[in-house]
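Here it is, the structure, as structure tokens.
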């Protein structure tokens, strides 16, 4: 890429995410790259394929703003709260546009990312026994073990155009440290053609912060690193700030109605220049008790 | 001491867990029950969450499957691919503990759609970890509230296999494990008939009569001739469960506690 | 098992390793369970199938003492030195008994352990392209990807009867912490029916020593934990003692000749009661400059 | 400054590595060359060893592929399954740098047996990581001493594929990457003919004449009409290489240094 590896989130999204791309914003409850999701919306990306094990608020926003044609996922909901209404509205009523879906199980999505990271064309698993999912998803097939004759499920590797994750720390060379619930983040970055990592903190040398067997992504496998403190909100960053459970609950009311949703998005996302302004806007409207970056101090 | 139907269900589900069992825990009611077991009679139970936390010991109940609380006090935290491959598919899980939106008489469950798949009346969250939990754990327990809308004659979509069409259908399917050996509801406990595998009411909670359970079931419910009554929640069980919910509410904000 | 999870190495081998078992002593250069290998020899186990990516000194000893019928491996040598002579003598001249071999590549052995740990009957990989190995090993087959039609190698999962590894620390509940070069140790323990872990140190609670994402094997997946300080010698235990390179070189001379080998084994292994005595015996003969446990102090 | 044939080979191999390339390093001569490159013109070269160390920066040369020195200063240390699956098979390696016991005219290599497989005259260590390094890295370099016993007309066993029977045989085999683009010996450098893929002598080291190379080759060696001479090792290259070996000898005991 032409920008420096350490760049702003605006630059990273402008350069690396294109209309029509298959993008995977990952983070399993922890470290969800919410700020990056907002930036995709601000830059009005269209016709995206959204890949994510658990499409939750971050994809509800993109879908409701009309950015997506298709979702590949294994569990779509607002964790601990209920439905994601924009996602359901798109599937059930094609609003604001139809959303095609390709549905798997968690074990399968994880295996598909692993296959993608491993340079394999497909993943093999014991899965979907007796489930109706394979009837509706032609990407779930079955093969026989060449040694035992057992029947196993298989699905194509996932290789997104762009992986986007949030992590705790990176250094100036772009080496990234992830800790706590690490989800599928290493796999999705290695499976993707390009990758953006937003981080809480830039440190001088990651080796001063990481033990030998820590989950580290070397800078040379990452396309861009952006310093976005609090960028996982309302998800959390272990060691920095907690999950904002009240925001997840508030989202239920914000997103239930199309107009309320649009008004909220226009006010807090489209009318703000970046994630810091978004946080200020939320704080000004009393929606968050404290900005994530302040939680840390 | 009085108690709510949800407390009753949670306490009865918790009682089933034995100490040192390895339990793959779904979020919500299964998580509350598994942690109640850990805080009462099963201190060494091993709780695994699909977020990759092994040996989790949350002090408050997680609101999501990946709360920091789960990682903080776990024996180890591994990646999501690893948790499914090495730990679940690897055959190390004694009990898969699931919730569900709908269940049928053979304990198949639906968490995907109500109505046709392409044009759903209600779009549910989807499979999550359930299809492989249901076919890999040594046995499966399901906990959900019993009503004609949740206990249905015919599922629009089988997300995760119970006994499929009953009889030996599950064995023939290649699924591993014994399948759903218990369904714990707010009214009682259902277990599969050893031959037909049809869910049979084998216990009712105190104060619940069989007709009430029949009325809450969308098919012609079979009732065991040896129907027993579950033990009333003890004061200790209730106190510990309520403490847990109170701590949880305080940690997450008021609305997160209770159920 | 009837013995307590924390037991002596003698008890663990006596109870868990039987004649005719397929055993896998793993440790990739680092943390090789040498003391456990000696104990297998002391207890005169016979007709073993020896599985190991890199059969080196630890298997050279067992093979030379006549304990093995078969070896499954991917690289057999004395790292940095040359051949392992007892292994070669068994293959080339059937001394002291014939040794059947099943030969794979490193990537394949690692994948086979992964498949074993994953409850899958076989592993899929891009491998063996143009290699003669599949001609001589019927366990290497090829399948087609059901999506792309590509040809991929596959091999059966490895599920040893017993896995044996060495690690830095365990606690009283048998929770094991491994750090540094972690090799295939987690996979082999999870793939095996039974497992023995020898450790440098027993600590009160492993959580005081392990970060969240450290490589930890919970006690409930391990059959026996044995406190054997220095038990990886001449391999090393990161944080405890270094690799004894001079012993690797000395082994070349010890093992080249059948009688010299037997004399050495009888003197240092068969005539000693346990690993501590073995170390004393070596030190007395001037073969090691210092005992591993002393290196640590 | 005078130098040994091994120093010459190591320095010429080191020169090929470019800064920031990702190199999967075999033990022995490849490791010495890759680290010399890192200590001279390619400080940001990424060295991966099959023991799982990524971005290794050993201060002394490792004697084994898994010395603690490799882990201590690496960017990260991953498991052996991961290094082969995510990093090598995943297509992230620019250069696979291998040694070999024997090589043929199409740069296929043998590290398995001399003589029949079932009744070998000499049993070699076996495949190790080489078959997949040879078929997954974007290109492969091989370094070994040139002699009629190592450069043979016909291999008894192909452990790892070069260009197989030559021509487009490698492409047809499904191997990825360009295959062996250079063989660096103590006498010179051989590169594959663009069409036939037969190894062709394209450079000799200073003081080596072509007849010497032909005599050390077990087949009728093709020589490039544009044969060039490699540059003499510089004083700086020799000084840094000798320092590295001296540090290594001191760390490992005298016999470990040199070659």
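Letters A, B, C and D name the chains as they come in the text, with residue numbers starting at 1 for each one.
The rule is simple: contacts are C-beta pairs under 8 Å (C-beta built on N, C-alpha and C of every residue); 3 or more make two chains touch, one makes a residue touch a chain.
If you're wondering where the values come from, they're calculated on a predicted model, not measured in any experiment.
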Farthest chain (mean CA position) relative to subunit D: B
Distance from subunit C to subunit A - Cα centre to Cα centre, in angstrom: 41
Centre-of-Cα separation between subunit D and subunit B, whole angstrom: 57
Centre-of-Cα separation between subunit B and subunit A, whole angstrom: 28
Where subunit A touches two or more other chains, by residue: 114, 119-120, 125-126, 150, 180, 182, 186-187, 212-215, 238
For subunit D, residues contacting two or more additional chains: 71, 77-78, 85, 89, 136
Overall pattern in which the protein chains touch one another (line/ring/star/complete/other): other
Those chain pairs that satisfy the touch definition: A-B, A-C, A-D, B-C, C-D
Subunit C residues touching subunit B - in the complex, by the definition given at the top: 114, 117-120, 175, 186-187, 190, 206-207, 210, 212-216, 218, 220-221
Subunit A partner contacts - residues on subunit D that touch it in the complex: 20, 22, 46, 54-55, 71-72, 74-78, 85-86, 89-92, 136
Subunit B to subunit A touching residues, read off their complex: 27-28, 50-53, 62-68, 70-71, 77-81, 84-85, 88-89, 108, 112, 117, 119-120, 122-123, 125-132, 134-136, 157-161, 164, 169-170, 173-176, 252-253, 255-256
Subunit C contact footprint on subunit A (complex, rising order): 119-122, 124-126, 139, 141, 143, 145-148, 150, 152, 154, 156, 179-180, 182, 211-215, 238
List of subunit C residues in touch with subunit D within their complex: 28-30, 53-54, 73-77, 79-80, 83, 87-88, 91-92, 103-108, 110-111, 113-114, 125-133, 136, 150-151, 180-184, 186-187, 215, 236, 238, 242-243, 245-246, 248-249
